[in-house]
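Next, two complexes with chain A in common: one pairs it with chain B, the other with chain C.
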Partner chain A sequence: MASTAAAVPFWRAAGMTYITYSNICASLVRGCLKEPYRSDAGAREKVHFAVSKWANGKPEKSSIRSDSHSE
Partner chain B sequence: MYRQASRLLTRALSGGGRRSTAPSRPFSTDLPAAPSEDTAFVEAWRKVAPNIDPPKTPLAFMKPRPPTPSSIPSKLTVNFVLPYQSEISNKEVDMVIVPATTGQMGVLPGHVSTIAELKPGVLSVHEGNEVIKYFVSSGFAFVHANSVTDIVAVEAVPVDRIDPSLVQKGLADFTQKLNSATTDLEKAEAQIGVDVHSALNAALSG
Partner chain C sequence: MAMAAFRREGRRLLLSPVSYNSSFAARSAILSYSELGPMGARSISTQAVRNRMKSVKNIQKITKAMKMVAASKLRSVQVRTENSRGFWQPFTALLGDNPSVDVKKNVIVTITSDKGLCGGINSTSVRVSKALYKLTSGPEKETKYVVLGEKGKVQLARDSKNSIEMNITELQKNPLNYTQVSVLADDILKNVEYDALRIIYNKYQSVVSFLPTVSTILSPETVEKESEAGGKLGILDSYEIEGGDTKAEVLQNLAEFQFSCVLFNASLENACSEMGARMSAMDSSSRNAGEMLDRLTLTYNRTRQASITTELIEIISGASALTGFSQSARATDNIQYRRYACMIKLQS
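And then the complex of A and B:
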């Protein structure tokens, strides 16, 4: 009985998840577009979220982060 | 662990063999469409509030899934969606060629049910004599038994929106990064860059 070792894609072997891989592919494609499509697509990548650490059931402080997709 | 494997395998096979005429769990396209109205709920509503219309549930707004026809249909129904918009919705076409990780896969009406992971490449939709090509960054293609094909992608652009000079520059950049990469992660990222840009290149010239 040979153990079935599914051929893992190189990015998973390097510790990357599928979503990370897919997002990297998408942002690379967006970076190769002609204007004005490029600036339209750039708006799609912007992420805006607030992070707060909790301690003893209360939020300590919240930092608002507005990242554009960056590795 | 492997001593039990042969026993488990034969048990699974014989179980499948006994029920080979009817699969133990039907595909979603073979199930009867869920009723759009819950009769018990509607009756209870009318007892309590007879003058108000009962609220519609999401199922009432959805079109029922087309059943699997007994003969192979002549056209393929394609749905191509991106996270921010729906590119193609319920379009009847002759063939689509999807860039699966296993190679360019042509989907014709009557194609066997498939789930294909897509690699960066060109998706072409053939309708009569016209071909519409999109460059897809990655995603999945689901072919159902009723000849409906759902393609989901994160980013897809018509091929004429790609800038060749940026592609060449990106390809050169990432080839160089691949040579100078040290950690596994860096190598993987550079390899992804090289793959995507060479696929873009091929899409521009092909």
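And then the complex of A and C:
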């Protein structure tokens, strides 16, 4: 996978997109904060939505992504 | 829907007392709530009008409260929206905006709200999406929808359900933040093949004006193709790239990040427009409820006075049957004349 002239960055080689990579870095930065700011920043990390794919004009069962994105 | 029905009912109540003397019997079919004897007898009931007035007043209170809630939510989202506009500006400065790009695979991301009672913004978004679908479809071309929000899903599923790829709801359960939208953007990017993404949302200009807007994001391959055509994209090669990435790498990262930023700004703008539209919708419905209440009050008073008049007439006619005839006739005529004159004055 990384055998082109320019090396693919490690996260791209691991299958992450740039968005996932930057989100992980952001949660790491948020984890470095001290207490009152830490809980404020925690509120900015909440994720909740329900996604459902459609096939042949019919929605399939929706799955809820409700993790707080803190990998 | 309920408000329109109430308006019709209110107008019907308005019509009936005007010609109540002669044609009450004819209208008795419509007025199902009052029991009528021959020629406008005493049993006209004011109870039904009073009930209607009470319910209209409650509706007015509720819509006023909803307007206040929307106004307070608007204030907080508006600040964040204006701050988030700085996210996509560098991208447009670098890559330009190419809404008229002609590609094979288009994905239309329509942003709508989950809740209703917000005026016409969802219908405008859906209409623009459908128009864009027609514009971008053709031989060998494929256009798909990704719908954010319950309202858009319902409207699009009516006639384009075979072109819907994904549907996302419950987005506004927590206040919108970048993490959430970027996870969503990631999901979309992983599940959908695209050459160009077109995001449709209502841009917030002011409390009363929302512009339906389309933002176009090109995939890295499309950027390569378009850069041969010159313009902003053509001079990308003159930039020096730091680090070990190639141009393709950088374009890939940029495309993903651009989508996430533009989606974030678009959902904030749409949320702002939703609050503003809800404010004006609730404001106009409180005003309509107030007008309806005025009309109902007039009807109520008129009905009340008419029933008092008929009672008086009956009493006096009864009394006249016992005493002389001419005295009571003059008294009855007098009262009748005065009451009807008042009613005519009220109606004009």
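Methods note: the second predicted complex is superposed on the first by the 53 of 71 C-alpha atoms of A that agree within 3 Å, B and C clash if a C-alpha of one lies under 4 Å from a C-alpha of the other, contacts with A are read in each partner's own complex, and residues count from 1 in each chain.
By definition in this document, contacts are C-beta pairs under 8 Å (C-beta built on N, C-alpha and C of every residue); 3 or more make two chains touch, one makes a residue touch a chain.
Model, not experiment: these values are computed from the prediction.
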- Who does A:Phe10 touch here: chain B (first), chain C (second), both, or neither? first
- Task: Would you check which partner chain A:Ser22 touches, where first means chain B only, second means chain C only, and both and neither mean what they say?
- Result: both
- With the two complexes superposed on chain A, say which partner A:Arg44 touches: chain B (first), chain C (second), both, or neither. both
- In the superposed arrangement, does A:Lys34 touch chain B (first), chain C (second), both or neither? first
- Query: If you count the residues of chain A that each partner touches, which comes out higher, chain B or chain C?
  - Reply: C
- Would you mind listing the overlap between the chain B footprint and the chain C footprint on chain A? 9, 22-23, 26, 44
- In the complex formed with chain A, which residues of chain C make contact? 161-162, 164-171, 173-175, 177-180, 182-187, 189-191, 244-246, 249, 252-253, 256-257, 260
- Item | In the complex, chain A residues that touch chain B | 1, 3, 9-11, 13-16, 21-26, 28-34, 37-38, 41, 44, 71
- In the complex, chain B residues that touch chain A: 2, 5-6, 84, 101, 120, 135, 137-139, 154-155, 157, 161-163, 166-167, 170, 184-185, 187-189, 191-193, 196-197, 200
- Query: Which part of chain A faces chain C closely enough to touch in the complex?
  - Reply: 4-9, 12, 17-20, 22-23, 26, 43-54, 56-59, 62, 64-65, 69
